[in-house]
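Take a look at the structure set out below.
Note that the chains take the letters A, B, C, D and E in the order they are written out, and that residue 1 is the start of every chain.
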Amino acid sequence: MNKDIILSVEDIDVYYGDFLAIHNVSMNVKAGTITSIIGANGAGKTTLLDTIMGLNKPRKGKIVFEGEDITGMRTSAIVRKGLSMAPEGSMVFEGMSVKENLLMGAYAPKSRKMRSELMEKVFLLFPVLKEKENQLATFLSGGQRQMLAIARTIMSNPKLIICDEISLGLAPVIINDIYDKVKEINETGITFLIIDQEVQRSIEHSDYSYVMVSGSIVLQGVASELPEDEVKDAFFGINKYA
Amino acid sequence: GNGEGDIATGGEAGEKSEIVIGYVGPFTGPLSVFTVAFDWVTEKALEEINADGGIYIEAYDKKLPVRVIKGDSESNATKASEIASKFVLDHNVDILAASWTPETSAPVSAVAERYSKPCLISNSPADSWLEGGPFKWSYGLMFYVESMMASYIDGLDKLDTNKKVGFLFDSEVDGVTFSALLKKMLPERGYEIVDPGRFAMATTDYTNIITQLKEAECDIVMGNQILPDFTTAWQQFKQLSYVPKAMVIGKAIAYGSDVVALGGDLGVGLITEIHWDRSFPYTSSLLGLSCEEFASLWESENNSQYPATSLGYDLALFEVLDIALNNCKDLESATIRDQIAAVSYEGIYGKLSFDENNVMNIPIVAGQWLEGETWDYEPIVIGPGNFPIIPAQDPIILPGTTRQ
Amino acid sequence: MDPILKVEDLAISFGNNNVLKNVNFELYDNEILGIIGPNGAGKTVLLNILTGTLKPTSGRVTFMGKDILGVRIDERARLGFGRTFQVPRSFENMTAYENVMASAICGGQTTQREAAKRAEEILEFIGLEDKALVLAGSLKLLDKKRLEIGIALAPHPKVLMFDEVAGGLTESEISNILDIVKSLKIHGYSIIWIEHVIQTMLNGTDRVLLLADGYDIICDLPQIVLDSNEVEKVYLGVRKK
Amino acid sequence: MQLLIQSIITGILLGGLYAAIGVGMSIIFGIMGLTNIAHGNLMILSAFFVLIFTTAMGVNLISSILIAIVLMVIIGFLFQKFLVNAVIDKGDTPALLVTFGLSIIIQNILEIIFGADARSIRSNFATVNVVDTEYFSISGAYLTNFIVAILVIAALTLIFNKTDIGRAIRATSDNTKAAELMGVHTKFIFAVAMAIAMVTACIAGFLVGNTFVFYPYSGTQYLIIAFGVVVIGGMGSIVGTLLGGMILGLAQLLGAYFFGTGNQILSGYIFMLIILTIKPDGLLSNKKRA
Amino acid sequence: MSIIEAKLNGIASQTGKVKIIVAAIILIIMGTLPFWGSGYMTNVFLLIFLYMSIGMMWNLLSGYAGLTSLGQQAFIGIGGYSVAVLTQVYGLSLIWGFAVGSVVGVVFALVISMPIFKMNGAYFTIGTWIIAEALYIFFVKWEFVNYGIGYPITAAYGIPMWGLYLASFIVGIGSIVIVTLLLKSRLGLTLMAMRDDSGAAEVRGVKLYRTKLICYLIAAFWVTITGCLLFLNQAYIVPSSAFTIDWTIACVFIVIIGGIGTIEGPIVGAVIYVFLRQILYGFPGISNIILGIIAIIIIIVAPKGIMGYLNNKFNLDIFSIRRRIKR
């Protein structure tokens, strides 16, 4: 197995009850890159990410992180291995302050020790969070929540950050800003796996992309080289591969 | 042993081989303290009754041993009723018996009336039981509340107080009946009443009542509670720095162990009802023992202070049944019933018979718990009331009384 | 012609989250109005306001000339609102048949006999007659989505509201749903149809409304809307080269 | 006048005890959404533990309480692992009914072992009067309860707001999935919450045993108080518990003052119902905030 | 037990003459039990029918209307007290006790429905319990009902066993009939929809409040009537036995063991419960522990109870309330 592959998904099937949401999906994420997944609504992107994080259990196949099989592990244990996810809809802890949310990000023992440094780092990246430090997260706007969610992942000092719907509800300026931050963080050596509803932008900002349609990966390649028509078709839910 | 029901296989009349008494009592639950002596007394009594084969019944021309099956009412009326029905319908008992407080005695009597079974109830206040009457099949070894109150007042008269009585009666059967009667009796005897009103059982905070009695400066407090409630209340009297000169409390402290359970020296000088005492001047018709001998027998065999209240009643139950059954020519329900009614008795409670209400008026006196020699607390009789034949002593004023 | 349903200045917020800021649109008799918009634009919230499960912060909703915002949820159903849920919410321990009957009875106030007849018609119409006696909980996704339509239809509503009935379905399944919706129009229903599957919007609707940032950005013929810059910008996210 | 002042003071102090009784139940509800009908019985169980250690084994009071706490935590853990986890996903009613079954089992086991007699945990301050003025007296036991309750609630507030584990508990109750994504082992956190609830149940059990008497069946009586407190204060709100306790205490004592002795308990119940009617979620209802 | 099973097999079916004939036979056998069976059996089945009735109504509330109440004892107590007060204090005939009792029960239900229907889930459950407790405390200190002393119900002494049995039989079978008819009616579909997803049901036009209220009132009415009989059988009433939570505990056991949300459940549950009580009476204390353990095991292993399990496994559907398509 290739050494610089930090995460590999091997041939997984995921069901919701009887409903096959993901079928025979395999993918590799190279260390140090930004990898994106593109696909229409309901294509199964979130399901895939949730499965990587252990929130869903695949019925078939396995998931390997840094050479270690993490299939079926408890989510909290996976997080401690160095994966961290900003989930779809950000899921901040609404009844806790921004600062407490960040502290929760550094809950895993390894990161707990260095949480003051991490906190400073995060505040440098997202100054607005510093301003709102003591506010309850429930009063944050959608965009601020998204920032908090990403900041929270950084707090766990991860090797791989997974962002679902990274630009959801964000104003264009902020989106650009976020991508700049992603780039910045990425340059410190942290790998990214992201989903963005905006296909073009996610292609622009990633090194490698996977395209999902109806629970399967239909297309992959170096992002800038993907054939635009096929991507667009996939996104419109026209499945000529089916 | 908690009443593992000894189940009789109810036989046909022709092949009758024993006389079965179905006894329903609160063997578990809050009132179970009152059945502690039952097994021991039953053993003693049956030993005597069945000594040479049991009781001769003419109709069968043989001696039939007496057997007792126990049912646990769990201090719960519904359960008592179910078990009594089961005894009659399933076990085909010859006699129903029950004891201790209306929760058990009233439903058992009701079953007896419905199925026309002779029934003997012991130790329940007659007044409330009689509301279920007139009874055709049920008979009671009981005390009248009036006797109980008369003995209390008798005892209180001997104390030097301001004759102001504060009430601590809950709204259960006894609390209501007793307080109502006292409201009539006390003023006649020159006492003034301060009554904060009835309160629910299991009340945990008595501040309101205690503060009212304290404000009114009552020298005497009279009440009737179960032990847990009284323990809580009495603690709070102390916590709120109010100790009357006399504290009269029914039901809660029937046994020396109850008084100990109050903790510390909280029990010294409390006045309560005494249903039977070793000092009673009577002799058992069944065992031939005097009260003193009977109490001592318990203490030597059980290594604990005799449970005064139950010991007397439990024995009396068997004394009456023994006399009645020995007079029976057959075991028809009506025959047994008639013979119970006819019992004229001279035993552990003296010379007694059933009155027109089917009640045998059992002596009850007022007593006071004092620190004892053999046991932590021992009672003395202070108010014989309606039973002057019982010897009495002078009461003391509560130690720790704050007012002079 | 007066619109059957008219939404004016509708706004709703959850705490600080102003989901709908100012939404205006009309639905005309026997029209299929498609609604598209990015995730979280408030499409489902809009339906919830229309059916009464959510109360708007401000605005007006007029149904057949009557302001209905004060009307109770169940009364609205009886006034003629039928909807499907994005995540199917059929009554899982009842059979498909009973599901439809229940809806017919509660929303249409018919007798059981009439409801039974209606249920049979509907099950046939949505192609579920052979699964009529299957518990709704054990139906497959497509069948559940069909059943959702059937339940919504049962009480003869005036307005039907579909929330992503084609979502999560395969292409052929989608065309099946498309056929059903089209034939509903023939039967004279007025329909609001939320869908992310662009095909359905193009082929199935009379007009399309784009909802984004809390506003009704554009509302026009499907092709016009889908070709507009706004849709490219806020919805598709693919910039024209 | 004396009666009114005394009623108010006692009401407030009693409220402290009530708060201590309710707080464990509130935690469990706030975090797991579990209505624990056995809470009262668990409290009484711990009172019996303290009783055995102090009387039968002659351990001193503080150590007895500590041992009892350890035992209760273990019991809470087993309860969580084998019963609660088995039903918590099956909806509210099954979970509620399991705790209901447990409550019946506990009280009957207690009765078989200890008999039906009333017990109390005697401590030196149970019958002491600490303040005795012309207008009012303050009982040592009541004052102790109040202080302990305040301490418990302050400690819990501190734990929930300032410690990692406390934050993890709040985060879990806020959003279980997100908490898991932060590396929180949420099942474990449920167990910790249960353990904390057990500790408070144990403390409350001791206080009750020291103030009143208890017997195997007392659980139900205190369960209703716990319910009342939690319901008035708002399920899941720790500070609400204190408020709820005091309101209930005052409602009872003032009810007795204004409507007569016999109405003391009834006033408490009626007041609970009134609050539930006006604010069906309680006064400080906010499941999100511990 | 085979009698019961056979009976189960009988009642409901409108399909198949066999079922009707079996039902008729069972009904006749059970209805005439006191005239050929032993007194003991009569008494046991009397209890079964009474417990079946309260279980059936609790099931209607908890299993179908989503109203998990811990306060059903309020109605049992009201029933019992109505009979006691009217016959004992006013010397009226039993009929008056039943009539007044049911009216009072329903009116009481109507009055308390206003506050408690505002409460949801656990709050409702607790609210009903608090109301029942409050009622208990109220009775204990209410002079009109003789405080905590209660009443012997001497009118009961004169009722022949078969009379009481037949009344219980009617109440028990009546509860089955009522619930079955209710579920087969228009309201039944509404109820089941509400049980499955009350939010969605409301959007479909279900009048939640009204539907719940109807169930609550029906249950109040029938439980009150059953309460009259329970205490007539006991011939003695005190607040502590009238308003004890034990009644609701019994309901919960019966329904959970038998199968919540099924019609057969409470029938099977009542039979098991009463027989278990008869068997276990000699083991006081332990009997409740055993019942508690059985209930917990069933909730964990077969959350839908014995009948729910059997229905699933063998596709039993004796009291079919399913709507069939008539072709």
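The rule is short, and it goes like this: contacts are C-beta pairs under 8 Å (C-beta built on N, C-alpha and C of every residue); 3 or more make two chains touch, one makes a residue touch a chain.
These figures come from a predicted structure and were not determined experimentally.
Listing every chain that touches chain A and chain D alike gives an empty result. For chain E, the chain whose average C-alpha position is most distant is A.
Each chain gets a centre from the mean of its Cα atoms; for chain B and chain D, those two points are 37 Å apart. Annotation: 55 Å between the Cα-based centres of chain A and chain E.
Per-chain Cα centroids separate chain A from chain B by 78 Å. In chain B, the residues touching two or more other chains are 2, 28, 171, 197-200. Residue positions of chain E touching 2 or more other chains, listed in rising order: 137, 141, 285.
Pairwise, the chains that touch each other are A-C, A-D, B-D, B-E, C-E, D-E.
Interface of chain D with chain A (complex): residues 164, 167-168, 170-171, 174-175, 177-186, 286, 288-290.
Residues 29, 35, 83, 86-87, 90, 92-94, 96-98, 100-102, 104-105, 108-109, 111-112, 220, 224, 227-228, 231, 235, 262-263, 265-266, 269-270, 272-273, 276-277, 280-281 of chain D are the ones touching chain E in the complex.
Across the complex, chain D is touched by residues 53, 55, 74-77, 79-80, 84-85, 87, 91-96, 100, 103-105, 107-108, 112, 138, 152, 156 of chain A.
Touching chain D in their complex are the following residues of chain E: 62, 68, 114-116, 118-123, 125-127, 129-131, 133-134, 137-138, 141, 245, 249, 252, 256, 260, 285-286, 288-289, 291-293, 295-296, 299-300, 303. Against chain A, the residues of chain C that register as touching in their complex are 15-17, 38-40, 140-141, 167-168, 170-171, 174, 196-199, 236-239.
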